[in-house]
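Both of the next two complexes hold chain A, though its partner changes from chain B to chain C.
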Partner chain A sequence: MPKVDITVEVCGMAGDGTIAAGGLVNEAMSLGGFSVLGFDSYPAEIRGFGRCVTRSRIGSNEIGALADETHILISLDDLQSRSRVPFLARDSAVLFDSKPDTLLEEEQSLAAVVEPGTALFGIPFTYLATAATGTSRGRNLAALGGFAALFGVQPEWFRRVITRKFQSKGEKVLEVNLKSFDAGFHYALEKFADRLRPSFAAANVVAGPEKVMLSGNQAIGQAALDAGLKLYFGYPITPATPIMEFLAKYLPAKGGRVVQMEDEIASVGAVLGAFYAGARAMTATSGPGFALMTELITHGVMAEIPAVILNAQRGGPSTGLPTKTEQSDLHAAVFGGPGDSSRIVIAPSNVAECYSFTVQSFQLAEKYQTPVIVLTDFYLDNRVENVVMPVASEKEKTDGNLYPDESLQGSYHRYLDTESGVSPRSLPGMEGFAYVATGLEHTERAQPDYTPEIHTKMTGKRHRKLQYALEDLPVPVEYSDGGQLDVGIIGWGSTFGSIQEAVNMARERGWKVAALKITSIFPYHEKEIRSFMTKCREILITELNYEGQLANLIGHLHRKEVVRLNQVTGVPFSPSAIFSKIEALLQAGVS
Partner chain B sequence: MKTAATSLAEQIRHIKEAKKFDIRSGALPTWCPGCGYFGIHQGLNACIQELGLAHHEVVTVSGIGCAGRYPFFTSNYGLHTVHGRTLPVAQGVKLANPDLTVYAVGGDGDGLAIGGGHFPHAARRNVNINYLMFDNSIYGLTKGQPSPSSPVGMKSKASPFGTLDKPLNATLMALTYGASFVARLFAGDPKGITEALIEGTQHEGFAFFHIYSTCLTFDKAYKTWAHLKQWVHPIPEDHDPADLRRAFDLVLGDDFSTGIIYRRE
Partner chain C sequence: MTARHVVIIGNGPAANEAAISLRTQAPDARITIISKEPIRYYKPHLLPDLIAGKVSEQDLYVNPLEFYKENDIRLRLGQEVVHVSFATNEVVMEHKEVVRFDGLIIATGGKPRIPEPLQVFEDLMLSLKTLSDAKVWKERLRWVDSVLIVGGDLTSLSFTKAVLSLGKKVYFILHGDSFWPVRFNEELSSEVSQRLSDRGVEVISCRKILRLVMASEDSVEVETDGRKLRVGAIGAFFGLVPDVKFLARSGLAIERGIVVDEFLRTRFEGVYAAGDCAQVYHPKLRDYWVSIGYRNARNLGRVAALNLLGGQESAETAPAGIFQLDDISVNTSWWTEF
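This part shows the complex of A and B:
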């Protein structure tokens, strides 16, 4: 069975239905049993100008990242699509509107700028849709019909996802879309009968258990719902806003509430208040909002109040690059704020982990009575993957709180200095256990106290908890065949998918290369990381920031200087960039 | 609720019953002797006794400043937060467990300066919490800098040539922000505080208590006991707190009338 690994792009102007078309490609291919990873990019400006591009990587095997090159480009607007030509692979195919509304000068058409050898398929999207339905609105669907016919996609997959998407919008809308699709399909099937490239059909992929297309943000929202979230407090910020919007829609039906606050400080303040009173609450933000939250996060650390805070990283500093991806808030997440205030920071690397880590974060926060920060990034939040709908187990959802024993009524030490540093925590409403949670340094009985003995003891207690938390935190994941290695790559977050792809490329050449995924950023699993490092001649730490923030944190665990690969282009790592670095390291080692 | 104590025996029983709800903790308040905040403490204590609210069902949320220390002097649950964030945290507590009675307390610096951005939103959101602003027009804990409610021309170490900024009027702000219960009170009148707190605590929605106080350590010239006692007076008998226009008229025409200024059911 031939392996399929094809990247499809849809490109158009805002208003062309580009994002909708890309979404349908993802859904249809997922329905057909392929692995799908999709990512849309569109202008930061809300006004209807600018280029929209959707990229979908479709494979018969598991997919970790977007690919560098595009194999099929569906152009809904030639002027916009010209910018995508440099990304086309050799032998790629381009579908374009051969009879658009406004004719372009010959040298402006896409056909004029593609490399020789590119297969061009001119299909009159606008004309076909209009002829079939009386309106040109379905021209993006006509384009999808052409795509399905040319590349061996069963039209039934598309018809089903089109029906699912449009049936709620009325009979008429659904009909326009289905008929436009069919018009494009039949036209291409006949017109290009001798040039068909049925790559997808040839893969003979068998659809497994039903999968859903989920973005990182949707997975996070669903996880919060499943974990029994009661209150969400938030403030609009790209790229975290979709989480608030998702919960605003679904949380009320579960008896919860979404409150849009006046700023991020208020959001995290209300989260702390809610957890203090015993309810599961969360907030999600991005770098600038996270910076505002830091004082209250350290309050959670000091007063030992649980909190769940999601930081969907974007490019920084300051307002930075609001719609671009970066991993440059690691230092802020782990150490940001006054004093010795490190806290739990976990970082999912794919959509499935977005779900499971978010579910886990509530229990961790309760159990260790400290803020838990879930660190994602723009690329992870906004990309879609097809996954089997994740489900949280009862155990994962269980209340993580440790309540005081009834016998202690009246002689309660809220901040009892136990072996693990975790002290039983009462909730308002429990009789005989009233105390004042305070951000001042305090005694075990929660009385303010600034003596050297108390600050030394209580700082130790708060940090000891984190070491105990390690046993519950997601462990590093080794992507390796075992044995001694020339290069070991360490990465975190969405970057890890690109690392995996690069490792695959290296292994195909017989090189001894492996990777380690760090999922708990702080505290981190020192023993496991060291044991991986010991097996490697060189350690390469790859991340989307300038300062090498993970390398700064764990690089000292290696016996020699770690090699860093950093990128601040605002876009994800291409696997081949990492591959080139591996190659360079190996060559340096040989000479 | 208030009970009419007719006989001596009933009065004694009433006092004993109320003692159970005495919120004064063993901790000695850090406030200076003679501070107006003792009067507020007394006023709130009497309110809680009167309403018979159990210690464990009351949460006092505070920020930073002399007023911020208040939770330590009570035997309720308390949440002593960071500077200026009293209101969002208090709303989180109340939304998480509506059975709790929540008092947010803070000073004029905490609520009008650093935390000023939360005040309008707490008012318009109308979550059922009670907000007591201890307004002594000065930063006492940092030793006497001018606050947002200090008079123009106030001299201090931080303003040796006098301040230029006009003072904020917290009562007027609360009315403007749409607070559904607004009372202006005086720390020298604990009984008045108790009466307003009893009403405000039972009010369904955001209740604001603007309480004039004094800082006798750092303010020797403006809001002194002597001046406040001279200035403060009850609102007119015929004032109708249901009438927002009249509430505005009252507050715009008179900075020192005290009582329940506005309430909307």
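This part shows the complex of A and C:
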């Protein structure tokens, strides 16, 4: 059975229904049983203007990254789509509106710039939609009809997802969309009868258990809901805002509240306050907001108050690249803050982990009484994957707090220096267990004390409990066939999908290459990382930042200098870039 | 003249020869080839062999796509010109794009011709001009075991050979004006008839086709003034007419083709026609001739390019006399035997 691995792009101007069309492609192909990874991009500043592009990688096998090239471009706007031509594969196909309302200059025309190896399919989207429904509103759907006909996508898949999407908007709207889709479908089927490329049909994919399209941000929002979030405090910032929007929509119905604060300092302060009082709370931000939170995060560390803080990384320092992706807040997440203020930092690498790690972060924060930082990035937050809807188990949702034993009433030592460093924590209102949560260094009984002995002891306690936390933190996952390896790649976060694919490409060639995924950034599993490194001649650490921040953190565990592959283009790593590096390392090893 | 942007409509031998001559002579010119077929330049004379399974599709292609890149020739495939405005020097494409030109070479070749009395049956007949036509034939011939050929132009003979080689039965109705614009004479007609019969083709003599009906998905019923038969497919082979309908209201003089002088100039400055679509004035004959044939098309393409750049070359290849095709003498001289 031929394998399918096809990237489809929809490109248009804001207002063309580009994002909606791309979303329907994802939904329909997912319904058909394909793996789908989608990522939309739109211009930096405000979403309402300019070019919109959706990219969907559709495969018969599992997919973990975007591909380098696009195979099918559905253009809803000639001028905007011209910019996509350099990304088209050699034997790609372009669908475009062949009967626009006005004449086009050569400089505006897409057909004028596509390479001759690209198959052009002119379909009069606007005309077909208007003829079928009396309005051109469905022209994006006519385009999808053409796409389905040309590439062997069952029209029923589209009809079902169109119905699902537009049903609530009334019969008329639904009809316009369905009819427009059908018009495009029949037109292309007939007009291009001798040029059809039924690649999707040929894959004979069988639909498995029902999957949903979920973005990283939606998965995080849903996880927070499922984990019993009571309060969300936040201040909008790209790319974290959708989490707040999601929760604003669904949290109130569950008895919770979303509060927009005056800034990020207030947000994290309120989260600490809520957790202090025993309620699950969270905030989500990005680099600039995270920087503002630093002082209060260290307060959480010092006073041992739980908090869940999501840092959705974007590019560059300061305002930087608001709508681009980067993994450059690792140092800030792990070390950002004065005074030995270690905290837990975890980083999901895909949408499913966005869900499970967020659920887990509440328990971790409660159990280890420290802020937990979940590090995601623009690419992970905004990409959509089709996943079986994740459901947190009761065990994963239970209260992680360790409450003091009744018998200690009256003799309660809030910061008791236990073997694990974790001391039972009381909540306000528990009679006989009151204490002052202070940011000053303090004794076991929470009294301010700056003596060398106390500071040494309590600093040790706060660090010790993090080492204990390792047993609850997700362990590194090794993707290897065992045995000695020439190159071992270590990665984290959204980059890992690309790493995995590059490793698969290398393995297909019989090369001894493997990958290790690290999701617990701090504390990290030293033993497991070392044991992987020992098997590898070269260690390559691949990440989207300038210096190699993970490499700085764990590189010393290897017996020789680790090799770094870094990229700060604002776009995700392509598997082929990583593959080339592997190839170069292997060649260097041979010579 | 230094033509800044030369647009060439067509992607056959005339167009390609024109493009490469332009590139050689005018290294700085911007050259665009526009072709409605979505495929690169191929050899039509190999289409019968493709049908016979003797060559593969790859064997048909002339230049790889890199050739155009290397020569900085923009190749726009699968894009049709629907109008040309000579007042503004603009070509209008089917998808409503306007392309401006400083020089234009029209090399749109021909399209299958169906004589008027048969036009009512057009839907039931297949022709053979493009690769896409050949693919339709190839597919059809997988299912059917007989073919009726009506007409008798030059391509019909190599096509007949191809069909016979596949073990199919061939019926033939020879038509007097198959060699349009040259007429079949009695002598030639009987000669061709004889050759065909020798090969096992059943030549049907009739004056008129009365009825054609679809009998089933893969058979057509034919009734002539003398006979009734059922065949798998019908092919119409009456030569080609210049494919210039899109220029009908452009102001160009069009008779049997685009009327050009011996230098291939049309009445508009900087606008030339070459290949099967041109009707060329021949000073020695003191008449116009319509070119047909591969090599001839290439020659005209080259001449048009040179003259567009200021040359004064005459397209004097002329009807040179009798030509042998498949052992049959044909009074059409521009056809090249491959």
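Everything that follows uses one rule, which is that the second predicted complex is superposed on the first by the 584 of 591 C-alpha atoms of A that agree within 3 Å, B and C clash if a C-alpha of one lies under 4 Å from a C-alpha of the other, contacts with A are read in each partner's own complex, and residues count from 1 in each chain.
Here, a contact is a pair of C-beta atoms (placed from the backbone, for glycine too) under 8 Å apart; a residue touches a chain by one contact, two chains touch by 3 or more.
Quick caveat, the model's predicted, so the values are computed rather than measured.
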Clash or fit: chain B and chain C on chain A?
fit
If we overlay the two complexes on their shared chain A, which of chain B and chain C does A:L272 touch? Say first, second, both or neither.
first
Once the structures are superposed on A, label A:K230 by its partner contacts, choosing first (chain B), second (chain C), both or neither.
first
Per the contact definition in the header, classify A:G510: touching chain B only (first), chain C only (second), both, or neither.
neither
Check the residue A:G410 against both partner chains and state whether it touches chain B (first), chain C (second), both, or neither.
neither
How wide is the angle at chain A between chain B and chain C, using CA centres, rounded to the nearest 10°?
140
Taking the superposition as given, does A:G482 touch the first partner, chain B, the second, chain C, both, or neither?
neither
Between chain B (first) and chain C (second), which, if any, makes contact with A:P209: first, second, both or neither?
neither
Go through the superposed model and pick first if A:L296 touches only chain B, second if only chain C, both, or neither.
first
After superposition on the shared chain, which partner residues are touched by A:Y435: those of chain B (first), chain C (second), both, or neither?
first
Nearest Cα pair across chain B and chain C, whole Å
57
Based on the A-chain superposition described above, do chain B and chain C contact any of the same residues on chain A, and if so which?
none
Enumerate the contact residues on chain A facing chain B in the complex.
230-231, 233, 257, 259, 261-263, 265-267, 269-279, 281, 295-296, 299, 303, 427-440, 447-448
Mind listing the chain A positions that touch chain C in their complex?
96-100, 102-106, 108-109, 111-112, 115-117, 119-120, 122, 194-195
Per the contact definition, I'd like the list of chain C residues that touch chain A in the complex.
38, 40, 65, 68, 75-79, 92-100, 132, 135-136
Considering only the defined contacts, which chain B positions touch chain A in the complex?
27, 54-57, 59, 61, 71-72, 75-82, 85, 87-97, 99-100, 117-118, 120-121, 125
